[in-house]
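Note that chain A is present in both complexes that follow, paired respectively with chain B and with chain C.
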Partner chain A sequence: MSNINNQKQIAISVQGATHYYKVYNEDGTVGKAIGIEGIDLDIYQGSFVALVGHNGCGKSTLAKHLNGILLPAMGKVEVFGLDTANKANIFEIRKQVGMVFQNPDNQMVASIVEEDVAFGPENLGIPQKEIVERVHKALEQVGMLEFAKRTPHKLSGGQKQRIAIAGALAIQPQVLVLDESTAMLDPQGRKEVLEVAHQLNKQGMTVVLITHFMEEVLDCDHVFVMSGGHIVDQGTPMQIFANSKLLDEVGLKAPRTVELAQKLKNAGFDVDDTTTDAKILGGAVCQNLQ
Partner chain B sequence: MFRDVTFGQYYPKNSFVHNMDARIKLVLCLLFMVGIFFVQSYVGFALVTVFLMVVILASKVPLKSILKSVKGIVVLLILTAMLNIFFTKSGNVLVSWWIFTITDEGLIYASKMLLRLVYLVIGSSVLTLTTTPVDLTHAIERLLAPLKVIKFPVHDLALIMSLTLSFIPSLIDETDRIIRAQKARGADFDTGNLFQRAKAFVPILIPLLVGGFRRAEELANAMNSRCYEGATNRTQMRVMKLSWRDLVASLVCIIVFGGIIVVYAMKATWQPILPWMYF
Partner chain C sequence: MSKSPVVAPQIDEKVAIYANNLNFVYNPKSPFEKHALKDISLSINKGEFVAIVGHTGSGKTTFVQHLNALVRHQSGDLFVAGLNLADKKLDLKKLRGSVGMVFQYPEYQLFADTVLEDVAFGPRNFGVAREDAYKLAKNALETVGLDFEQIKSKSPFDLSGGEKRRVALAGVLAMKPQILVLDEPTAGLDPQGKREILSLVKSINKQNDITVVMVSHDMNEVYENADRVIVFRDGGVVYDLPPRQLFKLEDQIVSMNLEIPQMAQFTNALEKQGIVLPDDCITVDQIFDALCQLKGGSNV
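Up next, the complex of A and B:
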């Protein structure tokens, strides 16, 4: 949990952003489907924000607006005051907002780890010596330094995704967007990636985590719940979990620990239903039983 | 099914040849390939044989791995030899049967052609055995750099090669997965005639192709997100440095192949006095 309250500078501001996708109907006509519609949100600098929702709720579409890969048809997106719709800003925006995608295999540009990480700084035209330093630092930050000379293909999903994060870090962004970066990973890999994300957040990085795993939002500062291209709820993780009726409607579920705590409370146990720690919960149950 | 396919044939070792600059290796390999066609005589081939042996020893790659590449062109070698033997009509006839005649000149010509082809393959496989595909890509990019002047897209070409290299393993994995998925649904790839088998591969190719487009889009997004804007203002992390090894190797190659070309060019004046050089 970082300092969201005492540092109120807005990193990314989305104002009424709307995006439609073209749909090619079977009868040959072209229709449109809502990607996102009228999205308003502010992401504060240094915060750890989660965007959750079921498949097809528009969370990835929204993520792609955050660094100008997609542009809103209506409304606007500003990154540190720079409008993504202005082509002249795009380069600067992408320097500020690093993005890591879902499939680690599809974002590797080189067959050697350090060369892949160097891709970003090379694009920025940074002198060779500084690239080496940046690559070293980025790999160190994600704990993959010993793999610098290896080929990414032979590594685990979690390791590959950490390399992808290093690739984004080497550009030295202010914001890191993880666009379902944990979706294809096993539990171990997900843990690795989340640990790195939280570590970076502690060092001051603004992190936007897009996911459909509710366990992952536990330690976030602020959660946005999306459904059908709209933001249907937002608040701290506990506020979100408490509204189980809405979560049900959008096809999500509170993490098991939270669910269990809520059930125990309903059954008359005196437990804190805002805890997410299984041990605290177990302790509380024991005390109740004694 | 595709597990054992190795792309590239890099043989990791720490040797004189491995540690040479990839650019120099590539240029010298080209020099070798051109030079070998100027070799006229068995004396010349003996010299090239010694040269190749020294190179192979210096590369520390076992002879077996190198000869493996020769095995791949055996059919081509036999075909070339037969064509050369049967279609050379000059010289003294040794055997004559039906429409086939074998002359002594035909045999000599065929044997020299065989040697050339074998040495050509050995020379180039020394390059690929001692240089990683990544290094080769970098070398090609640097060597072609002057072509930027005439607007040749050197950087794009190198990027395409590098992307291809990094995508081969995951494409192999995906093909493997699709084959297993189709087999699980009862697809049969192992029986039937050639045509039926080829047809059985359509259900593999289509998902592979569709997946390829999806990959391409994701990759494009990932590259854009990392500030990719084409070749403009790009720098490179990798430095390629020349060392004493490159100097030594270049000198040796220039002396050997320079000599061969001089001998070839001076044939008219030298043959009467030094006939052994042209045997």
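Up next, the complex of A and C:
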């Protein structure tokens, strides 16, 4: 799966996708608000990409286009070459692109963990024996196998999200979209979910992480910055952080350590302005001062 | 330690919250018994900005729910806004008018047809006449930085996430509380929204002299905003220190599964090499300025 030839293959291609929402004005007329407008992007197979932006920038609208929950009014979205606008493709597209949302409590459908994870493959009409195998494997991948017989409601937020990820994995998708899946979790839960996402990525899964925690994008391959329904910047995390003026304009902020490193470098300190480790930066500053 | 008397004489005018050997047990004498608070003793002065931190399940929510008697006092002393919570005839109305509680995701609690009605609901519920309640609502909406004329007739459900949260906060402020208790006020907001809410809470604290108790998981924001940090663990208070002092205890903090703020890691690393920055160097900008001064000095 993760051989080098596949790395360059495009998993999802978004071409000029535009989506408007209806707005009901006070005078009774119906207008439209931009969800996303003219979005062009390619997500390569096996990559780990992040979509960042402030609340309401269109990142969740874009995410919902990636498996055909929303369809573009103009432009096109292709998943492994399949057009999401073609109804005949939707079933296959949803099998290829698994999605996990923000609120863990809204995504649990069964009262036992393993039944919850089995919900997806059951819907696909997969034979019982294979469902059991898939559920076992999915729970193993997210490190929740020992909770298989428990009730999801008593788990922590991070554990619930890992169950939700397992539910997506049981469908055996090639792409996993995490739509602000860490936003409602405590730091421990966030760490758990991100670790699982990175581990899956190492095994060949394409991961699309939607977030506004800039600390979370540090280990991504490629970052898209969104504002007002458009992509306003893209690059490696460090290229994004370097453009602090733009980040400020779109209501985001580089992690504090990166911000300090950049300021120090600009003021003539001999420090690495791509460092994300506060301790290393501290050591470097000491050498400057001694 | 001597057992404190029923009416604690040490509570003077300056104290907003005082707890001594406060204990709480969920489902006592049942198989589900859980000792959630164990001998909590602490004191918070009027006008202070105190952060309460701790891992999920450490007892911090149970404690803050005591402050306006959502969870009823069981044993030990607890005085809040001059009221004795152990008093059987506790004036709940007075207490809840004095302690404003902002829960997690408060925007989910908006319900009225218009922003004005929603914010005025609290005072109206406490028997304030309609016109006066509207005045209180107007004040509160202006305090949270919203344009009253523009927003008053809108449906709270048509607002953006950040606006909704401000309206919810205004609904609590309209009650004119002396103490504001916030449970993770910035959860789910983007960086800009976080900064706005925090600077708002800070200015309410400083300008309106309202005591703030904030529960938070974000150690960076705790570090930059709180006067004092109280750390809960397994139902007990393990540390009660100013943020700069607290986050020097790196090993202990990490062992409790809490994070060290990035700028604390940085100043701690400098201190290990013998470079000590002044105590008021907390934010990126403050640290940057101090370092530039140091460097300038060494070059001369």
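Note that in this section the second predicted complex is superposed on the first by the 283 of 290 C-alpha atoms of A that agree within 3 Å, B and C clash if a C-alpha of one lies under 4 Å from a C-alpha of the other, contacts with A are read in each partner's own complex, and residues count from 1 in each chain.
By our rule, a contact is a pair of C-beta atoms (placed from the backbone, for glycine too) under 8 Å apart; a residue touches a chain by one contact, two chains touch by 3 or more.
Owing to the predicted nature of the structure, the values given are computational and were not obtained by experimental measurement.
Of the two partner chains, chain B is the only one that A:99 touches; chain C does not reach it.
In the superposition on chain A, no contact is made by A:17 with either chain B or chain C.
Of the two partner chains placed around the shared chain by superposition, neither chain B nor chain C is touched by A:175. Within the superposed three-chain model, A:77 lies out of touch with both chain B and chain C [touch as defined at top].
When the two complexes are overlaid on their common chain A, residue A:225 makes contact with neither chain B nor chain C.
When the two complexes are overlaid on their common chain A, residue A:209 makes contact with neither chain B nor chain C. When the two structures are aligned on the shared chain, A:55 is found in touch with chain C, with no touch to chain B.
Comparing chain B with chain C, more residues of chain A are touched by B. In the superposed model, A:123 lies in contact with chain B only, and not with chain C. Residue ranges of chain C in contact with chain A, taken from their complex: 55-56, 160-162, 187-193, 195, 217-220, 257-259, 261-263, 265-270, 273, 275, 284, 287-288, 291-292, 294-295, 298. Chain contact summary for the complex, chain B toward chain A: residues 133-134, 159, 162-163, 165-166, 169-170, 215, 218-219, 221-229, 233-239. If you check the complex, the residues on chain A that touch chain B are 64, 67, 69, 91, 94-95, 97-99, 101-103, 105-112, 114-116, 118-128, 131-132, 135, 151-153, 164, 167-168, 171.
Those residues of chain A lying in contact with chain C across their complex are 53-56, 156, 183-184, 186-188, 212, 214, 251-253, 255-257, 259-260, 263-264, 267-269, 278-279, 281-283, 285-286, 288-290.
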